[in-house]
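Structures are listed in the sections that come next.
In the two assemblies presented below, chain A is common to both, partnered first by chain B and then by chain C.
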Partner chain A sequence: MRSRAYPFYFAGGALALYLLFYVLPSVMGFYYAFTDWNSYSSEVNFIGLENFKLIFSAGAGQNYMHFVRNTVIFTVATILLKTAIALGLAVLLTNGIRHLAYFHRVVMYLPAVLPMLVVSLVFKSILNPATGLLNTFLRSVGLDFMAQRWLVDVNWALPSVIGVDTWRGIGYIMVILIAGLQAIPKDFYEAAAIDGASAFASFRRITLPLMMPVLTVTTVLNLLYGLKVFDIVFVLTNGGPGRATDTVYTAIFDEFSKGRYGVATTLSTLLFLIMIILGYFVIRLMHREAEE
Partner chain B sequence: MKKVVYLFSLLVLSALLLAGCAVAQPAAPAADTGAPSAEGDVTLTYMASQGWIKDAELELAKKFEAETGIHIDYQIIPADQYFSVLKTKLNSGEATDIFGGQSGKTDLQVQYDVEKNAVDLSDEEWVARHDPLSLEMVSLNDKVYGAEIWDTIASNYFIVVYNKDIFVEQGLSVPTTYAEFKDVCLALKDAGISPLYEPISDGWHHVLWFPMVGPRFEELNPGLAEQLNKNEVKFADVPVMVEAMTQLKELYDLGCFGDNALSDAFSDANAKLASGEFAMAVTTLTAPISIETDYPDTPAQTFGFFPMPLADNMLAPAHPAGPSKFIYAGSPHIEEAKQYLAFLTAPENLQYLLDNTPDFAALNFSGLQAKWTPEQQEFLDAYPAKSIVYQDAVNYLNPQWMDIGKDMVAMFTGAMTPEDVLKSIDQRRADMAKTANDPAWAE
Partner chain C sequence: MPLRRVQTVINHTLAAVVSLIMFIPVYLVIVNSLKTKAEASAMGAGLPTLLQWENFAIVIERGKLVTAFGNSVLYAVGATLIGTTVAALAAYVLSRNRTRFNRFVYFFLIMGIAMPTNFVTLMKVMQMTHLINTQLGIILLYAASSIPFSVFLIYAFIGTIPRELDEAAIIDGCNPFRLFFSVIYPLLTPVLVTAGVLNLLGIWNEFLLPLYYLNSSAYWPMTLAVYNFFGQFQADWSLVSADIVLTILPVIVIYLFAQRFILAGMTAGSVKG
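After this line comes the complex of A and B, so read on.
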């Protein structure tokens, strides 16, 4: 402690602002989760665990657990797809393709630069079952049976949203992974090649273990993003058809716009807890794997 | 060389940054236009949702300013954000002198809390000339709180608009029951014509099918709306409601709404009717006039009208609720705002508004000259308006419109049954009534 150049209270100003604008609102959020705060009445009453009971009961009203399920499916699917495809592309664009590698990287990264709203609106048009580019293309090459009612079919809506999000997200993950790949010394691969290791073996024995810290970062990023997903679902399907693609955040938005602030706060509190717990375990798990 | 390129890029970027700042600057003072001018003249601020203020009203506001020196500053908010902005302003005590709002008892009480936020206008001269049904929509506990200057018939009646030429070609007649309507749909489908354009993707349009048939529910169960408001009966317990919802599902399943209903948008409805691709659509009595304006090859006379025939409904959907003007109780210019409403509701100014607004055919004040087309008049003569639609008559229904829409889509796609949709409506009504401390829902 004595070795520090400045005393603790020098950070006081920043700390006070941090407490006021970050910690205090979060704690207040926790409190409101236990109240009936709504837009129709100026009174806020403490109602205990009522909101939590509402969320965990599958009553005649909203089936909140269905939204949690959708969110989890979305998160797991996008983590797996984005990581697998982005890793493949990263390896390809680092070691495989020699010509115009930078150009290809830029092209792959481009979707991440576009605003989510633009991406969603473009895909809404592409995926229109009657006039969309995708179905028109499929029909023109005789693949009519593959033309689906992408965003408006109960069975296809969530996979379509996952597909669009993966398309948009892989570039970003790929760039992080390329940085990780470039940090692996070439000597390891040379040594492995001399020992007669196949490409797959050196990928499994050298690339993967050394990439673990980077993969941990991308997984945590994808996890937090996936659990908080809102904009892409909101624009592409608005939770539809019916409520087939509603996620926790679209449900929170829905509750807020209905003026049920208490329920909305409860949902976000719950999601916050889930994120902390899952984030912690993912980091622990992946660190352990990396150490092994 | 590289250094030069870097320096040049830096220069260009800085220039762009500065240019950006320069554009942003003059925008700032523009936000203050609502303040009174230097001469001490009064400026009334007036907030409304997009589409509520017609061009003719803006002209009238100029005339009002010329006569009285009172300037009206309109603040138009996009429709999908309007109610959140309005509620935030009302809750924080910063509402404009005049604010627009959809009329109806639930909205007045629950959404705007007019007893606290709006000025009592019961003693104004124009109240006596206001249509009684509209007056009821802007009143709460026998006090009038707003002026609803709106065409509550031509713009408010959502009915089936059908292409008369197609009906003649196919030898079809206007249906008078649900069964006949279903046959018409199937016959059209067999002839390769998409029967009815139902844009479900907007989320609100397909909901019209249910509450707009309210007069029929009331005809079969007199006093039903009142019972629903007293919480003596629930939606799911009313057989005719289950029947109507089941019929709607049947129409969807039979493909009456075309192949692409879930992706269709209401903004294309006029185009689809004009092209003859679809034979019918649920829209307003003024739609044919807009179609003729946009597609001169399709005259307005091509189209006729009949009510949405679920549960054999043959009644006009009287829908007196509409955008209304309220004076904010906290306004420093209440008298001037009253003066403005008195000006707008003067008979000659109402007639000017009516004559110069293409979407209006009549206004809800007595002593005005309406401008019905023969087809519109024919509809009004053939289908009586016996009682009002359920989004106006039944409390806690209108505010959950979009939720009902989602449930209905779930019903179309098989995730919910018609009964589930009605139960869900009951559940949300109970939730709203509870938060509004409605004694009828007290446990």
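After this line comes the complex of A and C, so read on.
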């Protein structure tokens, strides 16, 4: 009776699209990772582990481990910055102020709904060393020494990209954290206040422990996003100056545009393996949260 | 008491400063879209001396924005309708009939939330299916990309609809289609709106898939038109700003009207309750 009332072919449309555009390319990736597939020849030859050797051997023209390092730095830095700032703002908008709290929440979430392309283009102008708004502002308040060459300085480019991405991501994480904070019963804080606990003590002893599940989810979301980061880097610096800000995905795009499809696919496939292992834990986590 | 008042003032100031920082880019493109080319060259925060409304007419004509707008609407609406509908159908049978196999299919589908796209081999798939450089191809790609998250959202929601409704409908002689479309579908409205709005905005804002898989400029959506326009008129921030304003205007309008649903969807699955 169950299977007659809920026929499996109802899932057919979603499965077909998903298999064709998600699963098939990923599976094909495992095959092409072992080939010399490129845009210069129509022949595709099996070359064993050559692509993997190229990627894992440091100093072979392209230093792929450098892109991995950038990706990890980007991911860890954005997780820490977004979580810390968003948690502070979430507490501020939940317990700190009563009037206008919803208004501020709507404004702070706004960057998350803007196209990444637009955000990146506008920040490209804001961070312009000579005419940009940021340096103009710093100079006008006498902080000339802080005016850097942001996106065009080899040492400042990656921190600048991290800064812009943090700006964009805070509101999104904050909204999730606010929902978590609102689920904490008010009595806990009242009881703590009666016992003479300071604001900091009740944050450490009540807020943080009870927010752990939500903080885990936001960390995972940031992690999945960080490892796959592409468009913000692509538009802000296109991996430059030099290759100072290249990440795994921009390196894939670079190989792809040079016609070295085999190497690009190998990188993609390695990323796929890592994400699938992470994804397995994420899905279990999200599922548990949703079921409870 | 005075100490608490000082604290309140500090809190409000802090919130106002952060909101201001979050709003700066939108403010910048709005004021600079109305300046002359010379005035907007530094993309400064000052107000325009004389409002240059013709900037908008110029970008609409030179950026071919009427076509681009139509394309964006076609892709976003088409893919959202297809993606959300097939996701709802799948989530419904997988949630209602939880066999071992169906649970596996559900996990398999939502695994896509974490899965990165292999753009290189996807190109091969697009060529094999003759969907490359076609509008149908891009719509199907976007629809597919929205499925994992939509299934996740809708699956959880269907769990809250009582099964007794289904049983009553079946006793009254409903076939599976009528049961879903006349009984269940109307009840899914809140979650379908949430999933739909999130997908719509996501697709409207995206520019990578068209960049990879649409060569002819006649098929370009608004975002890609902006990207291309920026390449051509990099020095002219007034025109680029006007182009950006026209691209984000629909996004902001939808956001302001539907923020309740957007914020609901963003927190679903992250926080229990």
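Here is the rule we go by: the second predicted complex is superposed on the first by the 250 of 292 C-alpha atoms of A that agree within 3 Å, B and C clash if a C-alpha of one lies under 4 Å from a C-alpha of the other, contacts with A are read in each partner's own complex, and residues count from 1 in each chain.
In this section, a contact is a pair of C-beta atoms (placed from the backbone, for glycine too) under 8 Å apart; a residue touches a chain by one contact, two chains touch by 3 or more.
Everything quoted here is computed from the prediction, not taken from an experiment.
By the document's definition of touching, of the two partners only chain C reaches A:Val214; chain B does not. In the superposed model, A:Tyr109 makes contact with chain C only, not with chain B. With both structures placed on the common chain, the touch criterion links A:Asn38 to chain B but leaves chain C unconnected. By the touch criterion defined above, A:Gly242 lies against chain B but remains apart from chain C after alignment on the C-alpha atoms of chain A. Touch criterion met: A:Gly279 reaches chain C, while chain B stays clear of it. Counting the residues of chain A touched by each of chain B and chain C gives the higher count for C. Once the two complexes are overlaid on the shared chain, A:Ile176 sits against chain C while remaining clear of chain B. Under the contact criterion defined above, the residues of chain A that touch both chain B in one complex and chain C in the other are 128.
Chain A meets chain C in the complex at residues 1-8, 10-11, 13-15, 17-18, 20-22, 24-26, 28-29, 32, 89, 92-93, 96-97, 99-101, 103-111, 113-119, 121-123, 125-126, 128, 131-133, 136, 167, 170-172, 175-176, 179-180, 183, 213-214, 217-218, 221, 224, 227-228, 230-231, 235, 249, 252-253, 256, 261, 264-265, 268-269, 271-272, 275-276, 278-280, 282-283, 286-287, 289-290, 292.
Within the complex formed with chain A, the chain C residues making contact are 8, 11-12, 14-16, 18-19, 21-26, 28-29, 41-45, 83, 85-87, 89-90, 92-94, 96-97, 102, 105, 107, 109-122, 124-125, 129, 140-141, 143-145, 147-148, 151-152, 156, 166, 170, 176, 179-180, 201, 204-208, 223, 226-227, 230, 237, 240, 244, 247-248, 251-252, 255-256, 259, 262-263, 266-273.
By the touch criterion stated above, chain B contacts chain A in their complex at residues 84, 87, 91, 110, 201, 203, 259-260, 262-263, 399, 403, 406-407, 409-416, 420, 423-424, 426-428, 431-432, 435-437.
Of all the residues in chain A, the ones that touch chain B in their complex are 36, 38-42, 59-61, 128-130, 149, 151-154, 238-244, 257-260.
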